[in-house]
C-alpha cells in the first residue's frame, strides 16, 4: 500500500467538516478508521452474526473461529510467544486495571513500591493509586529531565529493594518521547522487578515485539490503532495470566474483535517500517516549522520523538488555540491530555497537542502552522 | 412498523446459512441487528468519527452530543428519573460487577446476606461470590417451585435481619419465567433491602419502567436488545451512583453507544406492547406444539413465560439436538446457559434452548419441531 | 467566521488584563470551581458586608481568554451590588448564555450589559460555554457559602 | 447431510449403552476432565498392573452421544494394552481427529480401527471435536497421573 494514497482508504476524509477539509491531528486521542474495518463490521453483523463461544450452531462456530483468528493475528503482530497471552478488554484502561488487580493479588505487599513516571497517563496512575489505598503500597515517580525525556538513569535511581513493579509508558502522549523499554526491562528483570508497559501510543507508532521488549505486560488501545472503539488488548506473559477466557467474562465485543483483524491487516499491508519512516519525516517537519515560529514553545525535546507534538503559544490559552484551529477544520486537542502530573511539573495548566496518524501529510502540518498564525493575529501577537 | 415484516429489517435473514434459510432461535444469547443500527455504526465511523468528551473540535463536540443523546434515549426508554442514572458499561456482566463493588464498598458488612435465586445467570452470582471471599458476606438462594417459578413467598421466607441485598433476574434465560420485580421491590424496600435486577432478558422482552419497578439497580445487555456487541447499561438510582463519567473511565465504546440509539428507536417504532403480544403468541404456540411431542420435556411451567423455551428430549443429549437442528439452519443453544445452579437443581447436565426475537414467526417454531422429529428419527425414538 | 464574535476586542482585552485578579483581603465568602475535562480552575472570593452588599470581590485562577474575561467582567459588574441584585444578574447572564437572546435585568446599565453580551459568542461553541459560565457558578456557590466545589461535569 | 456420518449406528449404539461405565474396583490411576462451555464431564479410572498393562479401565460421566460413544469405545480398545501401546493408540486417535485421514498404528485390529474411524465424522463439526476427545485427553492425564484436571478450554 502506498503511504501517499493512504488517506483515500479512510472514508471520513471525503467529508467536509463545517465546509472545510478535515485536517485530523487528534489521532493520539483516537484514530480514524479505514474502510476495510468498517466493511468488516458491517459484513459480520449483516451476514455472519452470532455470539461466540457458547452455542454449537454454524454461525456461533464461525464467529468463534473469527474471534480466535484475531487473537492469533494480534499474537503475530506483537510477536507474543503464545496466543493465550492475548486478552481482549474494553480498552487500555481496563487492561491496566486488570494488571494492577492481578499483581495486587499475587505479588504486591504493603509498603512495596510501584515505580511509575511523570509522563504517565491517568490510566497508568489510577489503578496503582487504588492499590495504594487498598493495599498500602507506595507509588514513586521517576522524573523527566529538562528535555522532557526519561533517561534510564532516572529510573535506576528510584529503584529500591522494595520496588516490585515498574509501570511505564512506551511513548508519551504529550511529549512524544519514546522510552527505552527494552533496556528498562533488562534493568528491571535483573532485580526481579515486573515491567508493565502502557502501549497506547506505542501501538500505532512503533514496532511491537513483545519477545524483544521482554516486558511482562503491555496494554494496547485498539481504537488508536485504526480499530473499532470499545476494544483493548492486554498482553501478559504466560506466567502471569490464566487463560484468556477467565478475563473475557460475559459477552465480549465480538464484532469489534473480529473487525480488529482488519486493522492489523491494514497496518501489515503498509508495514510498520514505512509508517515509522513516514511519521518521522512528519514529526521532523512539524518541529522545524513550529520552531521557526517564535511564539510557539514545543513541549519537550526528547531524543526520540514519535507521533505527537505538543506546544503552547505565549499569550494564547490552548483552548483558544483549539477553537481557532477548529474553525478551519484543523482538529487538535487542548487540555492536559490526562497527564496532570506532567503538566503540574511543567507548570502549565494545559497544552495544545497535534498528533499524527498514517493519513497525515506535510500539508496538514502547514495548515496547523497557518492556524497558529491566525491565533497570533486574533490575539494580536507578533 | 409492521411486526410481520420485521424480518426484512434484518440483513442477516437475506443470507443462506449452509444452504438453508436461517431460523434463528438463539436471541437470548445475542440478538441479530437491524439495518438501521448497522448503518448508524457505519455512518458514524465514516462521516463523524471522533472520541468523545475530551477534545474541543467540531467532531469531538458532535460525537459527545450524540453520545449523550443515547443516554437520554435510554433514560426515556426505561423511564428513569434522571439521565445521570444511566451508566454505559461493556456489558451486563460488567454492570453487575460494578453494582457488587459499589454495594460492597458502601453497605455490605461481614456476615450480611445477599439473597439471589436458583434461576440466576453466572453473571449475577460471581460478583457476589467475590464479595463472599473478600468481605465474608453470605449468599442465600431463593428456591424455585415445581413449575420452575419463583413466587414471592420463596423470597420472603429467605429474608432475615441480615439481608441487605436481593439480586434477581427479571426473566429467566432458561425457563423464561417472568419474576414479579415490582412486588419484590415493595417487599424488600419495606425492610430496607436494596434490589438489584439482572435485566438482560427483561431488556428485549418486557416493558421497562424503572420508576414503576422502583428497583435500585437494573443491568441491561445492549447486544440482546438489537444493539451492538460490547455494550451494556447500568441503571442505578441517583442515591447509589456518582456521576456516570466516574464509571465510564478511559475511551468508551463510543460508536456502539451512538448506534444503540437506533436500537432504542427501532424498538420504539414497533412499540413494546406489540412486541410483547407477538412474542406471547409465539411462546404459546411453541409450548403447544412441543407439548404434543411426548418425548419432549419443557423445562419449567411458569405462570408468566416470555422469550424462552428450554427443553430436553429423553434419550438425546442437548448437544446432539443442537447439531442436528443446525443441519437444517435452526440455530438453538445447548448447554447450561451459564445457569449451572438451576441445572444442578433440575438434575440435568444441560438443556436445549430456543429463544425468541421480534423477527421470529410460527414458521420458525414449526421448523424447530420438524428438527426435533428428525432428532427422534436419527436416535430411533418413538 | 464566528471567531470574530467569540473573540471580540473587549474579551481579548479582559482576557489579557483581567480585573480583580488575586485574593481580596478580608473576604468572608469564597468557593472554588473547576472544569476537570480541561483543567481550568477558578477561586472566587467576596466580602459581603452587614448590609448584604458585595463590598469587594476578586478571583484567582487560570484559563482561556473566555474564562478569564468572563470572570473579570463578572467581578467588575457584581462589585457594589446587593446580594439580591447579584443573584438576579447571575441568573440573567446564565439564562442568556443558555437560551435567551437578550439580558433582561434592570439593574445593569446599558454599556455594562453590552460588555456581558460580548460573551454571548460562546453560544455557537458548545464546548466553550463552560469556560464562560464556570466563574459564575462558582460565585453562586460562594454566595451560598455551602463549601461545595463547583464542577462543570454535572 | 453429514449427520449420517456423525451419528453412525455404532456411535448411537455405544452412546446408548456405553461399555465400562462406572468406577472400576482397585483402580490405581484416575483423572477428571470437563468441558466448561457445555458442562460435559468425565472421570476415567484405570488399573495399571506391575507389567504396566491396563488390567482394567472404566469411566463415569455424562455427555452427548459422541462423548459417551468415544469414551465407551476408548475403554474397550485400551483394556488389555500395555501403557506404551495405549499411548500410541491415543496419539494416533487424536492425530486422526485433528488432521490425519487414517489411523496408522499397528496395534489395533482392522475392525477395532473401523470402530474408531466412526468417530471421524466429528471432523466436520468443529464444536463437537471436544466431545470426541475429552475422554482421551483425560486418559492421558490419568496415565501420567499428574492429578491435573483436564479442561477443553486451552
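Annotations
Read from first to last, the chains carry the letters A, B, C and D; within each, the first residue is number 1.
Here is the rule we go by: a residue touches a chain if its C-beta (ideal position, glycine included) is under 8 Å from a C-beta of that chain, and two chains touch if they have at least 3 such contacts.
All values derive from a computational prediction rather than experimental measurement.
Where touching is counted per the definition, the chains common to chain A and chain C are B.
Comparing the centres of all chains, each the average of its CA atoms, the largest separation from chain A belongs to D.
We define each chain's centre as the mean of its Cα atoms; on that basis chain B and chain D are separated by 37 Å.
Rounded to whole angstrom, the centroid-to-centroid distance between chain A and chain B, based on C-alpha atoms, equals 34 Å. A separation of 78 Å divides the Cα centre of chain C from that of chain D. Centre-to-centre spacing of chain A and chain D amounts to 48 Å, using the average Cα coordinate of each chain. Within chain A, residues 54, 56, 60, 319, 323, 334-335 each touch two or more of the remaining chains. Contacts with at least two other chains are made by residues 37-38, 127-128 of chain D.
Every pair of chains meeting the contact definition is listed here: A-B, A-C, A-D, B-C, B-D. Chain C contributes residues 1-3, 6-7, 12, 16, 37-41, 62-66, 68, 125, 127-128, 131 to its touches with chain A in the complex. In the complex of the two chains, the chain B residues touching chain A come out as 11-12, 15, 17-18, 22, 26, 29-30, 32-33, 35, 37-38, 41-42, 45-51, 54-60, 90-94, 123, 126, 221, 223, 228-232, 249-256, 319, 322-323, 325-326, 329-335, 337-338. Of all the residues in chain D, the ones that touch chain A in their complex are 37-38, 126-128, 153-154. Interface of chain A with chain C (complex): residues 315-320, 323-324, 327, 334-336, 340, 343, 349-350, 378-380.
The residues of chain B lying in touch with chain C in their complex are 53-54, 56, 60-61, 64-65, 84, 243, 245.
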